[in-house]
Every structure is written in structure tokens, then in C-alpha cells.
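I am attaching a structure below and will ask some questions about it afterwards.
Chain lettering (A, B, C, D, E and F) follows the sequence in which the chains are written, and residue indices restart at 1 in each chain.
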Amino acid sequence: MSPHRPIDYGEASGRARAVFDDIKRTRKVEDVNNFWKYLAHDPATLERTWASVKEIMAPGALDALTKEMLYLAVSVTNGCGYCIASHGAAARKAGMSEAMFGELMAVVGMANETNRLANGYRVPVDPAFDS
Amino acid sequence: MSPHRPIDYGEASGRARAVFDDIKRTRKVEDVNNFWKYLAHDPATLERTWASVKEIMAPGALDALTKEMLYLAVSVTNGCGYCIASHGAAARKAGMSEAMFGELMAVVGMANETNRLANGYRVPVDPAFDS
Amino acid sequence: MSPHRPIDYGEASGRARAVFDDIKRTRKVEDVNNFWKYLAHDPATLERTWASVKEIMAPGALDALTKEMLYLAVSVTNGCGYCIASHGAAARKAGMSEAMFGELMAVVGMANETNRLANGYRVPVDPAFDS
Amino acid sequence: MSPHRPIDYGEASGRARAVFDDIKRTRKVEDVNNFWKYLAHDPATLERTWASVKEIMAPGALDALTKEMLYLAVSVTNGCGYCIASHGAAARKAGMSEAMFGELMAVVGMANETNRLANGYRVPVDPAFDS
Amino acid sequence: MSPHRPIDYGEASGRARAVFDDIKRTRKVEDVNNFWKYLAHDPATLERTWASVKEIMAPGALDALTKEMLYLAVSVTNGCGYCIASHGAAARKAGMSEAMFGELMAVVGMANETNRLANGYRVPVDPAFDS
Amino acid sequence: MSPHRPIDYGEASGRARAVFDDIKRTRKVEDVNNFWKYLAHDPATLERTWASVKEIMAPGALDALTKEMLYLAVSVTNGCGYCIASHGAAARKAGMSEAMFGELMAVVGMANETNRLANGYRVPVDPAFDS
């Protein structure tokens, strides 16, 4: 079976269904996103990925909104179209306003620019940063 | 003159000195980092980069700490050694605790992983994300 | 002529046709993929790229399947949509089962995650790795 | 405590020691690599990362050597210096000969080249790859 | 208002209109590209980005065509679909022939390949390059 | 023999020596760079890479300086330290002034920034770019 099609709840294995159920319960949603329906082709990866995401994205020293914005910043840097769409939606759901999105994008753009300026000018690390 | 050496205040052009002075005033620091001393080889880029960084990193809809953490997340994703060191230091100065750093790194690692899972499984964007 | 359209066999130059013929003979296929039809806009690049691919992908110390899986791992990491589709198909043709694809994706995801953990924690190379 | 220094067994928390012990047992090594000693700054990430690596890198549909070579291919593509050194060593330990390394590098180089040719020529996915 | 739709001149703020007008005047075009219509969601980023692009892309020590080709080389390397399309068009408008495009793509492909060969073989910088 | 050490002319195989000789003749240099001395571990890759570089970097529709600057722009974007050093030196030898380097870096930085703005705002390709 091609892995490039979604597996819906009805045709999912028991192991995949258990993950789908936990995602729906944890996020209080009616259905899971395509990402999880595609990962269901490999139940071991589905389980491990969801367990990690659930643990990592729970509020801790950083709140849920900050975590979603960091996720979005990485996805924009990598140019992952799916992830930009899904984590943009998740960040908005967690409270990201359009003004916050605008500032996030400005920082991400600037960081990508100055990362290359530092590379190209071959700037050595200041001793103060290593202490 | 090779661009791969720093230009200190004493040998900087008037235009570069004005930028150095504004960085020191704005950040309340004794000296500027290597990044700026290397950019001083091209005063136009030095001026424009500092003006953009100053505007973008000022607190707005997002606070200074969140902005520094986003900068760090991008730099880690791109593997820019200088930027990881300098923005790690800046984020700590802005209040990032080691617990916050640990959670930031966990999110950045996870996002880099799931970005590739979404790529490789060729997951299409859910219609709900486009509305 | 815009390079953003395919050049089919019928309209290809003699030099491009010779490459198309060799691809079809080597791979035992009826027609070449879009990739080659687009490269046909530049016969020098078409010839050189096919000669390199033919030499590199031939079984040697590594078998054809392993080579296709390495190609796929790189393409997923870079997020090249065309390459993920074409080398995914090639790997399956060379014998990659869905279980193998699932494990490949798990490794690729994990490597992308730990690459960033190593970057962000600024981990120095163990002396043992340099001996 | 700066996260940019290793935590050795003697000063590690009980939770980190348990992970160190399992790594040493599983890999039959005297000591753990720097990577784990740095992750020990965040025991939750240390535990989760090791559990994932242990599960993913165990032989399954793909053997241990193939998995290490995929890991190395990703690390080379991303330019992660630490990971290239550590997974190069791991792949050699798992049986990668220098001839295999040479072919791996040739494939990784070629894939990075053709990924960009496909991007730049804007090659559309062949319908056959989607079926 | 979702940032994922264009803002046309008629509905743009006064600040965004002023930028649109300057782009049209500078580039002698009837309308601005989608890129600017999307940035109009954040007038500060729109203004700053246009001011930087205008300054950087003006002929100086490098002519306009060379600058557009460098922009295209970066965009192809990063796999930014929009940027490949828009800067490909801009480079052609500035005089890039198809033969030049073919050679640009060959260099970009080769550089992406040898960058990874240098990474993977862990080649140290020759002392001569540092003098 | 570890591939992570250079192979000098005296210990090189006949096949590698022939490549070294051709590089020295073509570039009018006394010795080859480390890059070639490391590739000498795999004579097939050494031969193929040099043959491709020689063909691609020869002046054609684009002159040698423009080609070296494109190579440098890609290397800076990818963060390949060795390649930034070696192709920076090569570009200077081919005539890149410090003013040209400064403008190249400004373009590369800007392109890396706007690539991410286009990604994050999910800007669709203008129909005019596809015609």
C-alpha cells in the first residue's frame, strides 16, 4: 500500500487508532490532521512521534504559544510547506495575533540573513560567548 | 584589506564609528561584538543591518526574550556556529533560563524531525489550514 | 525558449537524443522522466549529469537499493519534492519495501533532530573520533 | 550551569546516570560520547532522545550498517561537524569500508546537485510517480 | 485577517500604498508582485524589506544582472519555489540568456555537490586561504 | 587508511597523480588544495569531480569571475566553511574586489531573508512568472 495516501480511523490498525484517540482527547479535536494519517503507515513511528510531540509541546518553562512559534520559525527556515501551514494554524489557535506573526516573520527573516553574513565574513566567536 | 579580520573602533571609518556608538548606547555595552567589527568592512551593510536589527529586535507584540529565542532557533537549524554562540548569550541576558533553553532545544529538534517526516511522506495540506 | 517546459524526444537535439537513448537502454524504460526532459535545454549539463548518475548509481561496494535509499534520504532532508517522488519510486523499484521506507524515514527524521541538538549544545568532537 | 560543557558520570543526576548505564550496556562501551554528556543538562531530552535512537537504530527491515550510513548521509547534507565525525565512526564500526564510504559520499554529493537542478529547472512530478 | 492572501492597492493602507507606488516607479511596472502584496499585512516589514532590496539591488560594484543571478543561485539552493520563479523572471529581464541560465545552474549544482564532499571528507582549510 | 587525512603527490596513486598534474597545469599552481588531496582517497570521485569542475568553471556564456561568485554565494548559503574559504580566495584571484565581495554578501543575505518571507507568508507564484 503506497504510503502517500492518508489512513483514516476506519481503516487504521488498533495501534494507530489508540494514538488517534489520544491525539483527539489531548487536543480536543474531532479528527486528526493529515500528518498523523500518513504516519499511520508506520505505527511505531506514529506512536513515538506523538509521544514525543505530546511531551515536548506541553507547557513547562516555556508556554504553549512560545513553543508553537519556535516550531513555526524552524518550519519557515526549512521551507516545509505542510509544517508552515499546520504550525501556523496551531500558533494562531494558541493565541498568536497577526501582529505577533508579523514580528516572528521579521525575526526569522533577519536571522536567516545575519546567519549568512556571519558565515561569509567568517566571523570568529567572541571569547566572551564561551565563558 | 582582507574582510576576514575585525575592524576596531580606533581604525573604523566615521560612518562605522557612528554605528558602533549607537550599538553601544542602545545595548549599554562597552564594546561591540566581532560580528559588527567584521561588517565594518562594508559600512553600507553595517548601517543597514544594524538599523534593521535594532528595529526588529525592539519589544513590540513580542517581547525581547521571545525574539532572541526565535533567533536562536533559526541559528541552530541553520547550524551557524557564531550565531548560536552570540544569540545564545543574548537570550540568556534577556532572561532565558537553562530550563527554557532545554525546552527550546527540544522543540527545535522535534520540528526539524517532523519537517522531514512531512516531506518524505508527501503529506498534503489539510483544507482546514487554508481557510 | 523557456527552460521551464519539457523537451520531448521528437524535438530534442541529436546530442540530447543520444542521452535519452542511453537512459532508456540502461534503465530498460520506454521514456525518460521529466528531469531529463528539462535538462535537455542544456545538452552539456544533460550529458555530464547522466554520465555521473550512471557511474555513481551502478552497483559497486554498495548495492543499487542502498544507493537509492541514500539518495532518498538526502532528498527528504533537502525537501526537494520532485526528487522525493522520483527517488522514492526508484527505491521501490530497486526493492525498498514499505517497512524499509518506514525505517528509512525514522532514521532521517532522527538524524535531522540530533544534528540540531549537537549544533545547539555546541558539542565538541570526541578525541576518539579523530584518531 | 552553562549547558556548553559535558556532564560526566560522577556529577550526573540519577536519571542521567541510568541513561548513561543503558547506553554503555547496549553499545558495550566504556564511556558515553560527548553528545550524551551535553544532553545530560536536560534529563528529559536525554531520556527521550536515547529511547528514540535505541529503538530506531536497532536492526529491523534495515540492518544496522544501512541505518548508520543513512544517518551519515543526512549529517553530511546538513553540514553537522559533530554528527559527521560520530556517525562516520559508528558506520565504520558497523562495517562500512572505505570503498563504501567513497560511494556513499559520491551519492550524497550527486543527490545534493540534482536536488538543485530539479529545483532550478522547476521540474514537475511525473504522473507515474503519483500512482 | 489571514496573512495568507494578497492585499491589493485598493485595500492597502496609506503606508503600504506609498511602498507600492515607489516599487512601480522604480521598476517601471504596472503592478507589484504577490510578494509585496502579502508583505503588506505588515507595513513595517514591507517598508524595511523594500528599502533594503532597493538599496542592495541597485547597480554598484556589481551590475544588476550579476546581482539577480546571485539571488537566483541562493533561491535555488534553498529550494524557495516562489523566489526561483520571481528572480528567474527578474534575471531574464535584466539580460540573462538561456545559455547563461544553463551555466548558472551547472555552477549551483556543482557547488552544492562539492560543499558536501568537503563536509563529508572533513577537509581542513588550507593555510594559504587564511593569509 | 582513514579518509580524513590528505594524500600528497608522493603517496598518491597513478590515477590520482594524473588528476593532480592536470589541476596544476590548468590552474598554473605549484600544488593542489586540500580538497583534492582528500578526494584522492577515492580516485573515481577525484577524476569525475575534477572533470566536472574543469568543464563547468571554464568561461562560457558567463565569465570566470561571475562563476566563482555564484559558487561563493551557494557556499555561504550552505555554511560550508572550507568552501567559503577556498572559493572566496578563488573569486579574489579571478578579480573580485572587496567592494564586489561586500555587495555579493549583501545580496546573499537579503536573498536568504526574502526566501523565508516568501515561505512564511505562503506567497503563490504570480501567473506572469509561469508564462
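Keep this in mind: a contact is a pair of C-beta atoms (placed from the backbone, for glycine too) under 8 Å apart; a residue touches a chain by one contact, two chains touch by 3 or more.
All values derive from a computational prediction rather than experimental measurement.
Novice: Among the remaining chains, which ones contact both chain D and chain F?
Specialist: Expected: A, B, C, E.
Novice: Could you work out which chain's C-alpha centre is the most distant one from the centre of chain A?
Specialist: When every chain centre is compared against chain A, the largest gap points to F.
Novice: Please identify which chain has its centre, taken as the mean of its CA atoms, farthest from the centre of chain E.
Specialist: For chain E, the chain whose C-alpha mean is farthest off is D.
Novice: Determine whether chain C and chain D, two copies of the same sequence, contact each other through the same residue numbers or different ones, counting it as same when over half of the numbers at the interface appear on both sides.
Specialist: Mostly same residues: over half of the interface numbers shared.
Novice: Counting in whole Å, what is the centre-to-centre distance of chain B and chain C, each centre being its mean C-alpha position?
Specialist: 34
Novice: Indicate the whole-number Å distance between the mean C-alpha point of chain A and the mean C-alpha point of chain E.
Specialist: 27
Novice: How many angstrom lie between the centres of chain A and chain B, each centre taken as the mean Cα position?
Specialist: Whole-Å distance between the two chain centres: 21.
Novice: Chain A: which residues touch two or more other chains?
Specialist: 3-4, 41, 44-45, 48-49, 52, 56, 77-81, 85, 88, 102, 105-106, 108-110, 112-115, 117, 119, 121-122, 130
Novice: Which stretch or stretches of chain E touch chain C in the complex?
Specialist: 79, 98, 101-102, 105-106, 109
Novice: Across the complex, what residues on chain A touch chain D?
Specialist: Residues 4, 44, 48, 52, 55-56, 130.
Novice: Quick check on the complex: what are the chain B residues that touch chain C?
Specialist: 72, 76-77, 79, 81, 84-85, 88, 105, 108-110, 112-117, 119-122
Novice: Tell me, which parts of chain C touch chain D in their complex?
Specialist: Residues of chain C touching chain D: 3-4, 33-35, 38-39, 41, 45, 49, 52-53, 56-57, 60-62, 66-67, 69-71, 73-75, 77-78, 80-83, 85-89, 97, 99-100, 102-104, 106-108, 110-115, 117-119, 121-126, 128-130.
Novice: For the complex, give me every residue of chain F touching chain D.
Specialist: 1, 3-4, 41-42, 44-45, 48-49, 78-80
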